[in-house]
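Heads up, the next two complexes both have chain A, just with different partners, chain B and then chain C.
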Partner chain A sequence: MSNPTQSAHYGFAERWLPRLVLAPSFLLTILFVYGFIAWNGYLSFTSSRLLPNFEWAGLVQYQALFESERWWVAVKNLFIFGGLFIGGAMAVGIFLAILLDQKIRGEGALRTIYLYPMALSFIVTGTAWKWMLNPGLGLEKLMHDWGFANFTFDWLVNPDTSIYTVVIAAMWQSSGFVMALFLAGLRGIDDSIIKAAQIDGASLPRIYWKIILPALRPVFFSTLMILCHIAIKSFDLVMALTGGGPGFASDVPATFMYAMAFTRGQTGLGAASATMMLMTVAAIVVPYLYSELRGNRNA
Partner chain B sequence: MGALAIKNVTKSFGDTHILKGIDIEIESGQFLILVGPSGCGKSTLMNIIAGLESPTTGEVHIGGRVVNNVAPKDRDIAMVFQSYALYPTMNVRQNIAFGMETRGVPKKEQDEIIARVAKMLQMDHLLDRKPSQLSGGQRQRVAMGRALARDPILFLFDEPLSNLDAKLRVEMRTEIKQLHHRLKTTIVYVTHDQIEAMTLGDKIAVMKDGVIQQFGSPQEIYDQPANLFVASFIGSPSMNFIPCHLAEQDGQLGVSLQSEGEARFIALPQAAKLTGSVGKKVILGIRPEQFDVVGEQGLACKVHLTEPTGPDTMVLTQLNGIEVCARLHPREAKGPGDTVRLQPDVSKAVLFDAESEARLA
Partner chain C sequence: MPKFWRGALYAALLVAALYYLLPLYVMVVTSLKTMDQIRAGNLLSLPTSISFEAWGKAWSSACTGVDCGGLQPFFWNSVRMVIPAVLISTTLGALNGYVLSKWRFRGSELTFALILFGVFIPFQVVLLPMAQTLGWFGIANSIAGLVTVHVIYGLASTTLFFRNYYVSIPDELIKAARLDGAGFWRIFLRIIIPMSTPIIMVVLIWQFTQIWNDFLFGVVFSAGDSKPITVGLNNLANTSTSVKEYNVDMSAALIAALPTILVYVFAGKYFVRGLTAGAVKG
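Right, the complex of A and B next:
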């Protein structure tokens, strides 16, 4: 055995083996993620109905989309849902994290309990909350059975309020996750900073508000990113909880896209709405990635 | 009335007793050092003084009043932490102002105090920087500035120099001492570094296992250590402990030292009161600098190793089968394998009981 050949062998393997092993998943990702994004983008410029049709039709689908009342309801719902869900989950999660940070007994168990909803799929969450919020089945019926005959809680079946039930269920699911992220951040804060602030005479709320939460800015932004993308792509929860109804009162862009592309034979319109969603996500994620990557290079 | 009095303070968590009856009293303007190995309870005691933890039993008096039920902010104290504990999102000016804002000091007065403190610590140019833009020494300075801005009756320093590099530590040590001379404030200072304790303190409390082993001035503690632990903890290199038996010769009490098969009786005048315990096992404590190189009358000792430090050379040899370190002038120290004739200066030697480890003479 001669050493030079062996090391040449080794060099070849070292150079090519990783590429070889990564190639299948790389190709599959290129095809099924970026390929289909491109295909969808192209479809949105065609007049496809039930079946794809590849004749270039310009911006007709976008024109139809922006004239569709249902699309604007979906967009408005996305803003209501996104705003309330992100704000609510963040507030509840931070509040829980601060409470759990007070060195209480049984913290491990409580943390698991609050984090557990995250382990459920949105379908399960949606179905469970649908039963609970259903006036004939859940909370309202329970109160009636207990004798509160005038109690009404019909948000689920009321077109003006059904989107808020989605907010409630999504907050229930994600608050524990936000809590876990912030709790980890709080644990990273030097204990003596809190002691110093106590000696400086600051009350506990003031310590959190002026010193600790500002120091958690990075956690705040990561959480915001995660919640934003959950909000924009939310589909399964709405499908399971309200199905976009009553009517299309609780539609969000994702359910709109699904309805157009797969149940109403408006493939081109669905593709256009999907492209709009992609643009929205990109508008948020690209600047974030840019700043993150630039930050890493500086570090 | 003293600036700080700690009366029979204990602290227990269940069956774990962290502090077992601490009594300390210092006068206004004194610099008290709490020193001991890690886990001795010194930081817990500091937290109890600050009010961040409450004692299980006992009383803490600050400036003549019992403060057991007084919140930290109302105790009129300021504290400097080992990790500096600067507020990370605020700049230096805001860090110093935070406490004053909380106490409702008028804005104009705040600015005057900040200017005065910044001038005193020579950090005017740092006021608009964030803590992350400062070096360790600068952060330490800001932490001290924050404490000074309060002008309290009691300063607490919790291992403030431990995170600094060796050179900066010595500089800051001097600076803290100068500051104390200038301001004449009362300071309680926790450290595990015996050199810091010796150089800074007016009074030192040496702690171990939640008990104060000795409380006294640095020189007292150095010259008359209460027990074996204090003797070994204070002083570097550490005191030599030579096991021997108390003997009597020509009507004088003393001990016998052996080296290279040669035995020599060393009379100890300070042991005169121990007449009743002749034959008892004792430990002779001699500091490295108490050895002198003499002529023929000295005890012949074989040098095992030398450690030159510049001004002195540490010579390692054996007495009574125990490794002994002698601090000699470089001119008198010989090389490994050579023989030096050593004479211990017994006037400053101490004797410990081999069983109880308490000092006998």
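Right, the complex of A and C next:
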């Protein structure tokens, strides 16, 4: 790499200035990201309860975590929520992107409408859906007014179904985002390939299924990554919509961690659950980052 | 395409538009009704007469837990938090991006990789140590503490945005400037910054939206009179009162959403560019 800095005839200041400018951010990252990860990791091996202590206690917190019914409910909910949310948002987003790609009049306006929920806070989304889905005056009353007298919708307050209301709200918020990503990808595809296939007599659905969607594999994987990431981190929406309830029926790992660490005085257990979350994210992200950075070097 | 399919296509797109717009519509009409109208009508019915009572209450007298001063103080807390946090994290990001793209040195790529990983960590893993550290520095439960936290954990994404943008500025430009005797700062201020308007807009808007909408840091690192708007809204909507005032809840949600919606309406182009920037390059 022929970089200006590496030439010897530039002054001392010029050579050290870049390092100096980067130094604060470097130090902040080392301390507040990696240092804190280590610190949190250490806490998870102590018997810390209300106040953190630093006495080594081995794996007791992890043992407690894996024996905790509430933790497994949270993990199960993450899989239910993650699976349905990612699958649903992908399907809706890709479908809308393909529809919008048909030289639509008013595309700009439609795109703006599909994407605006992404600008809202999950707390706003949660508050709004909580009102619409509430069993008293919300959707249920609307259906009664429309003549469906026996319609009941109590998902929000039913422990078996409350996690699905989180899926509904999260899909509403994020599917437009998937649409935007795929639409950008579709616009990057060379028109001549499609024209050639059309001349060969291939039908439009077939062209999309066989040629266009396979060409969007990279977009698919980055979107999947982002959605996984949103799912694992999801905290705000659950807090605003169900508060993890009824009871702890709609807890996810992020709300579990918050409850243990900050409201129930189980610092060590909270730290252990945070470490588990980090491991899960790392298992997904590290291979992805590795291939991205390697790919860039080869390019 | 046959006419029928063309029609079906537009119908499907319009149904989708309704699906995204309905919650907003419901929020707005609910916020303009009185509780009696809410009980008499349904989700979709228009208010029989428009009332701004709920808005007034949400702004200045609704109860969030024990205190009943409405969302107003939380709104201003968020404003006081978001402005310094956005400006500082954007400035640092621009400098980092400049060094990491135009002044590479041995180890700068590794530094970039280390910073980049910070985009992905689940923040739960830093909450406990951060709570303790903020206490040591005496800025726990304060706006200054929240600004610090948002700056530190915003660095990764602002650096990534600027670095990826500056990589596409040709190195020859920098070399030519150096031959003319311009140094590190001069090149940054005279050449790089004037070319950065689009990316600065993207990052400012990205950071503003992220920080304004944040709930996790807000709920963990603030207390009493330093809570941001998202925490205020959540407390308001989840305060159990004898009568649930949905009109006040919806007004409050709209107040919390208004700043980011306005940004989206007036600078949506940059917002969308920020959203798609990271993902589509693959």
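A few notes on this one:
Note that the second predicted complex is superposed on the first by the 286 of 299 C-alpha atoms of A that agree within 3 Å, B and C clash if a C-alpha of one lies under 4 Å from a C-alpha of the other, contacts with A are read in each partner's own complex, and residues count from 1 in each chain.
Please note the rule applied: contacts are C-beta pairs under 8 Å (C-beta built on N, C-alpha and C of every residue); 3 or more make two chains touch, one makes a residue touch a chain.
This is a predicted model, so every value here is computed, not measured.
Once the complexes are laid over each other on chain A, chain B and chain C both fit without any clash. Using the contact criterion defined above for the overlaid structures, shared-chain residue A:L115 touches chain C, although it does not reach chain B. In the superposition on chain A, contact of A:G201 is made with chain B only, not with chain C. In the superposition on chain A, A:K233 makes contact with chain C only, not with chain B. For chain A, the partner with contacts to more residues, out of chain B and chain C, is C. Once both structures are fitted onto chain A, a short way to say it is that chain B and chain C open up an angle of 90° at chain A, using Cα centres and rounding to the nearest 10.
When the two complexes are overlaid on their common chain A, residue A:D190 makes contact with chain B while staying clear of chain C. Of the two partner chains placed by the overlay, only chain B lies in contact with A:P214; chain C stays clear of it.
Within the superposed three-chain model, A:L139 lies in touch with chain C and out of touch with chain B [touch as defined at top]. In the composite built from the two structures, the nearest CA pair linking chain B and chain C is 10 Å apart.
Across the superposed pair, chain B and chain C touch chain A at no common residue. Against chain B, in their complex, chain A makes its touches with residues 190, 192-193, 195-202, 206, 210-211, 214-215, 217. Every residue of chain A that touches chain C in the complex is listed here, in rising order: 1, 3-6, 10, 13-15, 17-19, 21-22, 24-26, 28-30, 32-37, 39-40, 43, 52, 96, 99-100, 102, 104, 110, 112-132, 134, 137-139, 141-142, 145, 172, 176-177, 180-181, 184-185, 188, 204, 218-219, 221-223, 226, 229, 232-233, 235-236, 239-240, 243, 253-254, 257-258, 261-262, 267, 270-271, 273-275, 277-278, 281, 285, 289, 292-293.
The part of chain C that touches chain A in the complex is made up of residues 1, 9-10, 12-13, 16-17, 19-21, 23-24, 26-27, 30, 38-39, 42-44, 92, 95-96, 98-100, 102-105, 108, 111, 113-118, 120-132, 152-153, 155-156, 159, 171, 174-175, 178, 183-184, 209, 212-216, 219-220, 230, 233-234, 237-238, 246, 249-250, 252-254, 256-257, 260-261, 263-264, 268, 271-272, 275-276, 278-280, 282. Contact residues of chain B toward chain A in the complex are 47, 50-52, 72-74, 77-79, 81-83, 85-90, 98-99, 102-103, 146, 158.
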